[in-house]
Amino acid sequence: MRLFFLIISICACSLSAQSDWAKWEAKQIPYEIPASHQQEYKIDSSDLGMTLISFAHNTYNFFVSDLDGDNCPFYPSCSSFFVLSVKETNIILGTLMFADRFTRDLNFFKGMNRYPIAANGKFIDPPSNYTMHIQKIKFD
Amino acid sequence: MKIRMIIILFFLFFVVTAKGQDYVQSQFDYANNIFGSQHYFDAITEYKRLLFFDLTKAFIYEANFKIGECYKAGGKFDDAIEYFSISELNARNDDEFFESKTQIIRTNILRRTTDRALQLCDELEKDERFSSRTDDINYWRGWSYIFADEWKRAANSFAKINFNHELKKLAAQTDKEKVSVTFAKVISYILPGAGAIYTGNYLSALLSLSWNMLAGYWTVNSFVQDRVFDGFVVGELVWLRFYRGAIYNAEQFAINKNIEVANKSLKFLQNEYKGIKP
Amino acid sequence: MANSLNKTSLLFNNFALIFIFMSASLFAQPDFFSAKYRLEFGNYLYAEKDYLRAFHEFRNVLKTIDNDTIRFRLANSLFKISRMSEAADNFKTLFFGSALSEEARLMFYQSAYFLNDHKWFRELTEQENYQTTKYKNEVERLKSITYFYDKISLPDTNILFKPFHDSVHTRLAKFYKQKKYPQYKSPTAAAVLSSVIPGAGKIYTGEIGDAVAAFLSTAALAYLAVSNFNAEHKFRGWLFTGLTAVFYGGNIYGSAAAAQIYNARIRFNFENEVKLYFEERNYFLPRIDF
């Protein structure tokens, strides 16, 4: 029996050689439990428009979104999607992208839309997929 | 003549074996030096070299054990456990067996595969050879519970070693500081925002309560004024939304508060605790 | 006579004694870092698939021993750990005057292929001093495969399929058709359809649920706008008109974007399918090792 386990272990070792295909260093293993995502209130001061939009977004988060529970099934959430869309394109396209996202959120059967699913169960739907640049579209 | 030949052969055998062992010992020392300087990847190479040339298998236990330690230091727990298992199979006495086994337990603790760590602790406890090492077993059982965020059980395990054990006190204190997630939720059902107050999030509690009172007023007012449709819409889309939100938030606040409490203790254990760690 | 034999025997014994002592002392002092022992250890690591460590051993061995097999193994170790550029350079050192020249050339092309610069790879296959006679067909196959990944137009099937065995031509023809005539949706058509009937463009791209949601939300907002104007609630009327316009425009834009996502998915799936097909068959390459 011991021999059997030894053979199994040695076979496993030869398979595990893969973990040494790149040199690694010692690392400290964190004892702490990873804290869940906390809402951060940040103002994007890249330009006046983004400052105003991010201020409005933070205000919405503080007074509404943070108090009404976890409702948006998407990642990033609809409000974040709007801010990111405007940042990536402009206010007009960003608004259209947001309207489209909001409509897709209304779809009761959105689970059938083949969105990739994040570890927290949310549908991954980044604005970069909707900028009309095919090379920016990602499925994973 | 025959006697002379036998003496020569004996001498030859002795020299070859002794000298060979010297070189294997030197290689082991060399590998240990690299291990000591924390170059674990290179240390593994040298331990593997030792294993390859150690034809008498004199260092099979030590080298595999050390390789396991190297992988563990590099956070490669699966590999570490594999090598500790080989060392366990090649243990020459009960002490070596116990050392390998506890290293497997410690690696499982760090890997956060607590169930396996606890299972191995139970196996060791049942083994009559280690009846005198119950304290060690309870110590690692306590650590397993700590990494599983079960501080009360951890405190009980350390209490079996010594009722005033430093880690028993820490685990008991951590458990005491934690809040009840269920209680936070239940009181939020009764009064929206109460769970947030319980977990110390007063501003959120105030805002949550305000929204619920305002939305409640709108809803009731709509029904009072016979605007039934408005009443249903505001009730469903505003009031219920914030009511459910208050319960959800109470739960999240309690979970986060508990993580914060646990992390304070874990940080102490990692950086300040002087005793033996996983 | 007996005395003479005795003397010879004594001499032999003394000689044997000296010899044994010398060899014993030699044997008893193994330098684990000598080229000989490093080679033994390197070969062991190589067999254990511990390629990075094997590479380091072989590199040290080659400082004192020049051997084609060791060179090949060193290059192959780099290949196995996906250090393709270094692997290609090392396989190159075996191109001339080596018994392993042909195999090294094939492995050089394999390493170059996995660098994923397909245009450069095709140029490499044209380099005369790199070409292999024994594995010409294998290299040609890799070259053909690169066409399936690139945006450039595909060459004629006769040229593309030639290096492959007849038995796989049907599958290759399917890939060829998928690549040459992809079932793409037109973003413009999707946008036009949605501008006529909100949601129609989404139906065109296969997103039926989104189409229904788009139609109903636009219709509901339009209804609210009209009903508020009718009820003389001008502010609310304009508010809902604005929202209708935003959602209407959003749906047109979203339909075009959905068509593009549809197309990107077709390309993504196609490339994955091709990759999986050739990977499962090791790119129709022989497994070379020494």
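As written, the chain order gives the labels A, B and C, with residue 1 at the start of each chain.
Keep in mind that, in the parts below, a residue touches a chain if its C-beta (ideal position, glycine included) is under 8 Å from a C-beta of that chain, and two chains touch if they have at least 3 such contacts.
Keep in mind the model is a prediction, meaning the values are calculated, not measured.
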| item | value |
| --- | --- |
| Interface with more contacting C-beta pairs, comparing A-C to B-C | A-C |
| Chain centroid nearest the full-protein CA centroid | A |
| Chain A and chain C, separation of their C-alpha mean positions in angstrom | 27 |
| Inter-centroid spacing, chain C versus chain B (mean Cα positions, whole Å) | 37 |
| Touching two or more other chains - residue numbers and ranges from chain A | 13, 20, 23 |
| Chain C, residues touching no fewer than two other chains | 50, 53 |
| Parts of chain B lying in touch with chain C, wherever the complex brings them together | 1, 4-5, 8, 12, 15-16, 18-20, 23, 27, 45, 48-49, 52-53 |
| Of all residues in chain C, those that touch chain B in their complex | 9, 13, 17, 20-21, 24-25, 27-30, 32, 37, 40-41, 44-45, 50, 53, 56 |
| Residues of chain A that touch chain B when the two form their complex | 2, 5-6, 9-10, 12-13, 16, 19-20, 23-33, 35-36, 38, 63, 66-71 |
| Chain C-touching residues of chain A, taken from the complex the two chains share | 13-15, 17-18, 20-23, 93, 95-104, 106-110, 112-114, 129-132, 134, 137, 139 |
| Chain A partner contacts - residues on chain B that touch it in the complex | 38, 40-41, 44, 71, 73-76, 78-79, 82-83, 85-86, 89, 110, 147, 149, 204, 207-208, 211, 241-242, 244-249, 252, 255-256, 259-260, 262-263, 266-267, 269-270 |
